[in-house]
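First chain A sits with chain B, and in the next complex the same chain sits with chain C.
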Partner chain A sequence: MNKLQTLKRPGLPGWLILTASVLLVLVCLFPFWWMVLSSVKTLRELYTVPPIWWPAAPTWENYRTVLFESNIPRYFLNSIIISVGSTALALVLAIFASYGFARFNFKGKPLLQSFVLVGQLLPTAAIIVPLFVTLRVLNLVNTYWGLILVYMIITLPLSVWMLTSYFKNIPVELEEAAIIDGASRLECLFRITLPLSLPGLASVMVYAFVTTWNEFIFALCFATDSSVKTLPIGLAEFSTEFNTDWGAVMAASVVMTLPIAILFLSMQRLFVGGLTAGATKG
Partner chain B sequence: MQKQSTGYLFVLPALMVLGMLIAYPVAYTGLLSVTDNAGNYVGLDNFRRVLSARATPTAFWNTLWWVFGSIVFQVILGVLTAILLNQNFRGRAVVRSVTLVPWVVPGIVAATTWAWMLHTEFGIINYMLTGPGLIDEPVGWLTNGSTVLPVMIAINIWKMFPFVAIMVLAGLQSISNDLYEAARIDGASFWEEVRYVMLPQVRTVIVAVTLLLVIWALNHITIIYAITRGGPANRTLITPIQIFRTAFESVQFGQAAALSVMFFAVAIVVVFIYIRTLASNPEETR
Partner chain C sequence: MAPVSINNVRKSYGALEVLHGVSIDIADGEFVVLVGPSGCGKSTLLRMLAGLEDISAGEISIGDRVVNGLQPKERDIAMVFQSYALYPHMTVEQNMGFSLKLARAPKEETRDRVAKVAAMLNLGDYLDRYPRQLSGGQRQRVAMGRAMVRNPEVFLFDEPLSNLDAKLRVQMRSEIKQNHHRLKTTTVYVTHDQIEAMTMADKIVVMHGGIVEQMGSPLELYDHPANLFVAGFIGSPAMNVIGGKVSGGGFVGDDGTRIALPFSVTEFEGREMKLGIRPEHLLLDANGHAAEIITIEPTGAETQVLLRLAGHEIVGVFRERILQKPGEILHVSLIPERIQLFDGKSGQRIDFREAA
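What follows is the complex of A and B.
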């Protein structure tokens, strides 16, 4: 063992790592830097050739336009309601379904599990039309509930997948002992399994929230009234409504990105851990 | 464990919701595809009309370009990034977090920001390229028919390669140290280690991720729709956008459904072939 440890592990040369890292960071971050910079430029500075790298007098004018003279605040509220609602619903449904898949063996389980995954494989464009008709029949077009329900299609499958593999990694012996002591299945789930899977739950929550917050096409089809429109739609409208006002568009982009950036950066470790665990252990 | 039927009760609510939202609409698409807007049965009329539309073959080829162009580069860049992030160096955690940013950011934000950067007159990209003389004069990236699709593909690559990187990185980090040690005893260089240890070990991850990327490339039409809506002159029209426009702009639900059925069938066949080739490959069945 000692001898092996003395063998030096070959690696990339330092200069290559440095160059590649700098390039990677630049490629990933430059658009956001440019977005923030553009959002504090005055109209005149935005439309200057050559572009100005650092605004002489940063202005809040664009943010004032977005926050007080547009529908963006209302859309922000709609986005919060819809994302929180669909995250909560997906979490509840996924907890029960994953527990069922992880702890029981029943007839048709592989089939049902693959049915859940099919949702992830389905081309969404192919079911927009019938979904629209379904929602219209249920009177759910242009309601919060309509979008919250529809978002189950995109959040539930991966949530069930991630949580099932998480539950499977929790030793079943803990629950068996509790059952011998007379605990019911639900007590096992809520008293033993769930408290032990908080990181898994957190990653599912972040995933569901981020996905629904960012979703564009369903929102475009099923929320056509400004009382339920979400931020992505608001942003898209903004760039046509104020075709030339790129400063306001960039400010709205910053407003929309901030919650996601904060949520993601604070939960990053949990989220990435949960996601990759689901993928590699499946 | 006893009373296995209890399992059904646990999975039932989720399955009911998914059944209502997936199984029913899929069946309903089939029905819509053979009826007109008034609900009368019209046989294969919708299919005939869609297939004879000039936009359909254009959209089909654009979709192929969009999917393959995106995926090839997403996988290559993603794997290279994963290999880089698998190295030990100071600041690795920061670089890793930063790499994820394009993936997490809302698609619509990425679309508008890139659209602004690619602005013909005031965009930073044209400035950066004309400055050092890489191009002679500003290019209308989003209005020029020959550049617009490659540009869309580039944005999509930028948006999704971090996902490949993070999945492959997880695979790389779960490789047992024994394999590296064996390679080192044999005196393997770094690139030999990449080729004979890392890549074979993460093949399954790459294969699974590629399948997801194909499906996402077909699903995530946000970037194209938000920037060009399929234009100019249908140069970026891909089939999902054609479905969307047929349904909600021309209000031809029957034709949109017929197109959906064909799109769905092709997607299923591709996925099926992909999974079958995997299953028949003895290396993958471990």
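What follows is the complex of A and C.
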């Protein structure tokens, strides 16, 4: 045997993995493709059987309707304000809460940590009425602040848990070294821990943003005035009692999907992580 | 530079006390090594000195200030961690200048001081690199540079060499020693490696189970260990220990082997004792004790031989080449003046020089 010996890759054969992956990607992306495709079809083309895979003359009519003849632009702005607001608020609170949980020992910490999750366990339907009553008493129904606070409450528990485990993975010696170098606790957090937690912060940000961006039930109940309605409600408004303008729904869906896609693409680099490489040991 | 005084310091976690009253005086500019097996409390003591752990009882002062209540940054100390703890998101220059930046020192001054220290440590070409782009030894140097830039009163080292390979460890050992010669900063160095302790220290503090077993210069500890623990811990191969008792003015091993002693032991007649002898204090002697050879390990310059003598396995190190084979008999004698006796129960050394 003078043939060069190579190690055999263990597991399934490569072609099988490739085929399966391609299939999976197709299944996942099909709805998006259908959404984009349907947004450039005319209403008549939408209903033809068999379906038209590419319209002979793509139309921008649906986008014109959505952008200039509906409330979608206004709802888009509302969605941005509310999602950015609640994400920012949740992130700030989660950073401090998680840092406390990750770095300090205090009485009742396990109890408090599990308490944080209790909010996450309650079914949405069970808390709608109490939340509504609370918001009305506080005079926050139909305001940005009302939805921002409600969404913050929903996203905060999981954000705190995600960040706590992320902070715990950062070697504590780094902060001790910083303390010896003369840093205060806050300087430790902002100059050492946070810069090293960017992937964790990005995950939390994307999670909180996407959750609030897509949320429907609370928005439906707490924002009845068009000045604060969000995009998911706007989509639903295209369906009336008698007919649904599917073309417009699809065009609006594309508009609604874009920010999320951009967010994911811009954060992608951070998810890879590996930022603490070289911190300790050899 | 400043003297450090540790006065009856205790540390407890809840009901568990891990340091039982430790007192150490460190002179200005002295290089002190805390050495002991893992769990002996040496790192805890260092962290208390640094201000990373509370002091449960007792007093630590640096210079003429009691530092018990002071924050780490107010203590004027710098520390090198076992894992280096370099900030991974900062370059070498930023790592080394971080403490000055926090202290809001002028930028030019920071740059100058970092450059000066980097030159001293041969890091000048690496200032723009990130820690992940450095080798283990370079990271170690950056960690030391970060401490040196601050020009502190006291350097603290927490097992700084244990992540390096054997060759690099020897090299860094001498670099640390050279830097100490140059800077003359009071240094407290923690290690579990007695060779590091022996080679670097002005003063060794041997710790065990939360107490100080003995402190002194390296050779003092080697020649006159206070007890069996220090005798066994300092020196490699370790000191040989033979159990037996004092009888008829000499030492009688467990199996009845008589070993002559150079000093009078009549006052200890009948007492259980342990006899200690360093491996290099065995001599080839045709009139000596017959000992069976178990293994022979030639290292070139010398030969280590594992022997069975007086019912115990003991190690001898000889400058001569040993031509016998395992299983054969080697005749050896013990240099009488080098024999040490330890109390059979307490393990404390019995000092005959004083008794005589």
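In this text, the second predicted complex is superposed on the first by the 239 of 282 C-alpha atoms of A that agree within 3 Å, B and C clash if a C-alpha of one lies under 4 Å from a C-alpha of the other, contacts with A are read in each partner's own complex, and residues count from 1 in each chain.
Here is the rule we use: contacts are C-beta pairs under 8 Å (C-beta built on N, C-alpha and C of every residue); 3 or more make two chains touch, one makes a residue touch a chain.
Bear in mind that the values here come from a model prediction, so they are computed numbers and not experimental data.
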{"item": "Touching partner for A:214 - first (chain B), second (chain C), both, neither", "value": "first"}
{"item": "First, second, both or neither for A:77, with chain B first and chain C second", "value": "neither"}
{"item": "Greater chain A contact set [chain C / chain B]", "value": "B"}
{"item": "Which of chain B and chain C A:35 touches, first, second, both or neither", "value": "first"}
{"item": "Which of chain B and chain C A:262 touches, first, second, both or neither", "value": "neither"}
{"item": "Which superposed partner A:174 touches (first chain B, second chain C, both, neither)", "value": "second"}
{"item": "Overlap of the chain B and chain C footprints on chain A, listed as residue numbers", "value": "176, 275-276, 279-280"}
{"item": "Partner chain A, residues of chain B touching it in the complex", "value": "1, 4-11, 13-15, 17-18, 20-22, 24-26, 28-29, 32, 81, 84, 87-89, 91, 95, 97-102, 104-110, 112-117, 119, 121-122, 124, 127, 131, 158, 162, 166-167, 169-171, 174, 180-181, 184-185, 188-190, 193, 205, 208-209, 212, 215, 218-219, 221-222, 225-226, 239-241, 243-244, 247-248, 253, 256-257, 260-261, 263-264, 267, 271"}
{"item": "In the complex with chain C, residue positions of chain A that touch it", "value": "171, 173-174, 176-183, 187, 192, 195-196, 275-282"}
{"item": "In the complex, chain A residues that touch chain B", "value": "4, 7-12, 14, 17, 20-21, 24-25, 27-29, 31-32, 34-35, 38, 46-51, 93-94, 96-97, 99-101, 103-106, 109, 112, 115-116, 118-134, 149-150, 152-153, 156-157, 160, 172, 176, 185, 210, 213-214, 216-217, 220-221, 231-232, 235-236, 239, 246, 249-250, 253, 256-257, 260-261, 264-265, 268, 272, 275-276, 279-280"}
{"item": "Touching residues on chain C, where the partner in the complex is chain A", "value": "50-52, 71-73, 77-79, 81, 83-89, 98-99, 102-103, 130-136, 139, 146, 150, 163-164"}
